[in-house]
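Next come two complexes, and both contain subunit A; in the first it sits with subunit B, in the second with subunit C.
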Partner chain A sequence: MGLAEWATTLVNAMTWAMATFLVAAGLTLIFGILHILNFSHGGFFMIGAYVAFTLLTRLGGANSFSAYLLAACAAAVVVALLGALVDRVILQRLRRVEDAYVLIATYALLLVCEGGTKLIWGLGYQSLQPPSPFEGAVVVGNFAVPAFSLFVIGAGLAVFAGLEWLLGRTAAGRLIRAVAMDPWTARLLGVNVTRVFAMTVVAGFALAGLAGGLLLANQSLSPELASVFIIQAFGVIIVGGMGSVRGAFLGAMLLGLIESVGSYILPDLPGLLFFAALAVILLWRPQGLLGRERGT
Partner chain B sequence: MMPAEARAARNRFLATLLCVVVAGAIFPSVANRGLVFIAGLLWINVVFGLAFNLLFATGGILSFGQAMFYAVGAYAASVLSLRLPELPFLWALLVSGLAGAGLAVVAGTVALRRSEGVYFAVLTLAFGELLHIVITKSTLLGRNDGLNGIRRPVIDIGMLHLDFSAGDAFYYFILVVCAFLVGVLWMVTHGAFGRALLAIRQEAQRAEFLGMPVQRYRLIAFAISGAITAVAGALAAPWLQIVTPDLARWSNSTNPILFTLLGGSGFFWGPAAGAAILSVVFYTTRTLAGIADLATGGMLLVVVLSLPGGVLGLLNAVRQRATRRHSGTEAADG
Partner chain C sequence: MTHITRRDFLISGAALAAAGALPTAWAQQRGPLRIGLITPLSGPQEFIGSYVKNGAEIAVDQINKAGGVLGRQLALVTRDDKANPAAGVAAARELLTDGVNLHIGVISSTVTLALGPVMQQDNGVLLTTGAGTEKMNHENYTPNVFRIGDSPDARARGQARLMAQRYPNVTRWTGLIPDHEYGRTTWAIFVDGLLEFYPALAGKKPEVLDPVLMPYGVSDFRNSITLAMRQSADGCFNSTYGGDAITMFQQARGFGLVQRYKILVDAANEFLIARGMKSAVPPMWTGMHYYPEANKGNPMSDRFIADYTAKTKDAEPMGWAAEAHSAIYALARAIEKGKSAESKAVIQNLKGLTWDTVTGPRTLRPEDNQAIKDTELVFIEPANTEKGYQVTQYVKVDGRSVIFPPSPGKAMTFRKP
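For the complex of A and B:
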């Protein structure tokens, strides 16, 4: 591999990693606090993308950068509201149910998302018409980085930094971490655990909607979008250690590198190395890179 | 010697199975070909669901990768039928079952390192997706287009010459093989191995202290479930006459989960009832995009949130209340 190929592989790896991290962030947040693996996360990611798409095509401004960001934020708000509803109607009733049933309930919710999307937006493929704000590339020497890659990498880093700050440096973050560690004692100390859980769900769903809006420009929208990213995101949070935001970030970078090198070496078998790496990492470290064994 | 209670349970099972098979055998004479086609798929789905529930209710492990076994069976039967047409179909079924068991041992060895619900679920899901990638990239397996033109077999057993290639004849073959597989699953569930699995499910640590090879039992259960699911897939291939990589996707893996939860995982026949209900739902909503997903997802949510026993659990509760009220009035009369 020459220098340019190395650079391309690295840019691809980081783009893959940050796009997947954007999806995985909300997933790992909810798992870390509520111990619920939310299958419907991909569904709400998809709804976020559709909401942003509808806003951009109906209100115009599809090729303005600030309109694109605003649409993504609007998608985050819409999906966050859905999250509040889902928490109230479904998740709060699953607190005393076996893990397996919780997982199946969130899968049922994914089906509802897909069915709803088909009803509202139809079955066909849709995508943003080309003059999108990310046409062209940034050229460094004889090497061109697509503008959208730079945007995704920046967005992923920003969301990671934001979450780190929120969880590590703010009172709300400390409260959330306390509840995650020991909800029973937290309740005893007068913390409204139900409210902290609800806040976490709303934040996790907002992240799903935001990711949908931010990643809109290089997606073709179809009701199958829900399952495209979710498998990658599951892989990333398993490798990183479920429930850890930093783990998800590291896991995304590691799997991004593996995936990107894999598609360079084995261009005919996309994704193969990703799953192989997943299996190997789990055999070597079943709890994930930054995970702790349960119960310790 | 079998205790009287166990004998009664076995007789009840055999009676139910007989009723189902008789109903299945009469069905083609009262229904059109489209419905017979759906009924054939229903018997296959019954086995698909029951094999999942062996893992879920008896073994306490949640597999989200059952589609990989279904796909391996379907593809094995298709490749054998297209490449080795002279190989008897019963051998093809056997090879499919062995392929399913082999795959289950490989996948299970990795995935059972994290057998707690969520991890095992996601790992098996990932294996299914891996198989999907392999299928879409393999020329032997027809890549994204899948394999088509799979013939329904002609079977020679000694003097017996059975031609399943015409009309609905293969339907009866599906019915008989599925009834046999259901019988096998019942025996596994209610035999010594099933009871050991149940003990592990309830108290894994205690079972381990008592010297039971917990992980090996779980792996064997996974292999049995994989083998039977693969045979179900192998039956589906000639019935559908086309196999596509979508059979290996996780959306197919969730089918037996839906059957089981809807029907009631605590009942042996639960997945069968669930499969029947979902067949009706899909048949009635087949022209309305989105409604089928909404209905399935909604029903599943209702079951998980407020009917953990599924439809059979609900029927059971209703029947018990009726009996109690009945005996109550009798006592009052006396």
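For the complex of A and C:
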């Protein structure tokens, strides 16, 4: 493998990793604080993508980078509002029941998301091309990388940096971490735990919506989208350690690299190395790479 | 106390069972003639299933308005197979138990293969309206299952034949092939066609590269696209499908992959990619079950389009609608021919049947239940139109010139490079 091929493999790995991290970030945040495995996360990611698609097509396409970013932010806001509703109507009622009920309820919510999407946007396939600055390729010597891959990598890094800052350097972040570690003591100290939970759900859903908007030009849009990312998103949060944002980031990069190198070494067996690595990592560290860092 | 002997018990049981079955059988013979429509109404193939449902409903309406079949109205009994063999088998068994013996609509290869033994065991008949598996006419052949559309060998060899005729200088070929049975089989048939038709029609031996295997149902194809970029091919055959195909071509734009090929041939996406990508669609030949423009002037096609447009506001239905329409008409003609809706008679009269369809007359080959039908191919390009694309060329390849001879019970064998 030459230098250009290594570089392409690395960029592909990082693109996969950051796209998956964008989807997984909200999932792992909610699990870290509320210990809820939200099966409907993929459904709200999909709704975010459709909201951004609708806004951009009404504006005549995604030619402008700023319009693309604004549409992604609008998708985050819409899905965050849906998150507030979901928390009020469903998740608050599930805080004191067994995990199995939560799984069933969030799976049912996923079906509602899919059904609603079919009713509003129809069954057909759609797609949107990247904004004009991210069409085409960036060429350096004999190494060419799709410009949109660089956008996805940048977006993933920015969201990771933003979450690190929010959880580690702000009062709200410290409060969230305190509630994640010991909600009972936090309540004794006067923290409105229900409100912190609600804020976390809203933030997790906003991340799902933002991911939908940012990744809109990455793949086709259809009611199947809800399930396209979710297996790999669960994969990275399991490998990274359930509930750890840093773990999800690390897990995404590790699995992305394995996926890319695997497809180069074993082109006739796509995906094999990915699942083999997943199994080996879980046998080695069942709690995940950063499994003890709950809520960070 | 009255003792019930085992004989009394068996007699009573048999009488009860007969009494239960009577109303169903009577209703099936006297009421509307019920036809099972088994197709995906949920899950990943729901979109295609919606075309099947619309096409079948239009055919039933048309036949009923014309007086029905043998004086009886047709009625569809619709069930969701979810494109899943277990769900398909459950749906078929429910319908068969309820006395519905004639079925159409299955589009998934795995569901079709799963239903073959069920139909044979329970004396049902199934007309698939889009399943691509060649096995149903070969190693998994059952006399109870028919394909009224073009076979995978006719489709992919028809495409190879067209390439040899139109692009004799494009001799270095590769494939973008999904890593599953359908993908690998389609590629094997296309290669077989290249190896037959290039020497015969272009006087050249084609060079066939190893295809690039694509993962299925994923969000990222960049690693596979990178592998394809390392090849040096003039022509490319794609059999990735639906949302996967759109995602793959969307991500391939950033690499400039499609621009490396002189010609791109797509196995079976019809307008799925074009409608999804609009003006970003890569120029390509694609296979269709039915292209309305190619059948203009055929009264059945013209009426079908008028009725389809009235029902759905879509004037360009995709081919699965036409296949379901043709399947209902095939059943109607077979029932009329044999004056019976019993499975045995219908099977007998479907074999060798020639009937009018929206693509012209088709004939069901009696040896393996495969229709002989022209392969319809269109060339799609981006365009500055409302749809964002347009069809700039279309051809019909004579199905008889490309289909393999029947060999029920035996696996197909292919030329290899």
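In the analysis below, the second predicted complex is superposed on the first by the 285 of 296 C-alpha atoms of A that agree within 3 Å, B and C clash if a C-alpha of one lies under 4 Å from a C-alpha of the other, contacts with A are read in each partner's own complex, and residues count from 1 in each chain.
One rule holds in what follows: a contact is a pair of C-beta atoms (placed from the backbone, for glycine too) under 8 Å apart; a residue touches a chain by one contact, two chains touch by 3 or more.
What you see is a predicted model, and the numbers here were worked out from it, not measured in a lab.
With the two structures aligned on subunit A, subunit B clashes with subunit C.
Contacts of A:L69 after superposition: neither subunit B nor subunit C is touched. In the superposition on chain A, A:A144 makes contact with subunit C only, not with subunit B.
In the superposition on chain A, A:F229 makes contact with subunit C only, not with subunit B.
In the superposition on chain A, contact of A:G136 is made with subunit C only, not with subunit B. When both complexes are overlaid on chain A, the residue A:T15 reaches subunit C alone and has no touch with subunit B. By the touch criterion defined above, A:V191 lies against neither subunit B nor subunit C after alignment on the C-alpha atoms of chain A. Of the two partner chains placed around the shared chain by superposition, subunit B and subunit C are both touched by A:G271. Judged by the touch definition given at the top, the superposed model places A:L123 against both subunit B and subunit C.
In the superposition on chain A, A:P286 makes contact with subunit B only, while subunit C stays out of contact range.
Where the contact sets of subunit A with subunit B and with subunit C meet, they give residues 118, 123, 268, 270-271.
Across the complex, subunit B is touched by residues 37, 90, 93-94, 97-101, 103-105, 107-119, 122-123, 227, 231, 234-235, 238, 242, 268-272, 275-276, 278-279, 282-283, 286, 294 of subunit A. Residues of subunit A that touch subunit C in their complex: 5, 8-9, 12, 15-16, 19-20, 118, 123-127, 129-130, 135-137, 144, 146-149, 217-220, 222-225, 228-229, 232, 259-260, 263-264, 267-268, 270-271.
Interface of subunit B with subunit A (complex): residues 56, 62, 110, 113-114, 116-119, 121-123, 125-127, 129-130, 133-134, 137, 250-251, 254, 257, 261, 289-298, 300-301, 304-305, 308. If you check the complex, the residues on subunit C that touch subunit A are 44, 46-47, 50, 179, 212-215, 217-220, 222-224, 226-227, 230, 242-244, 246-247, 250-251, 253-256, 272-273, 275-278, 280.
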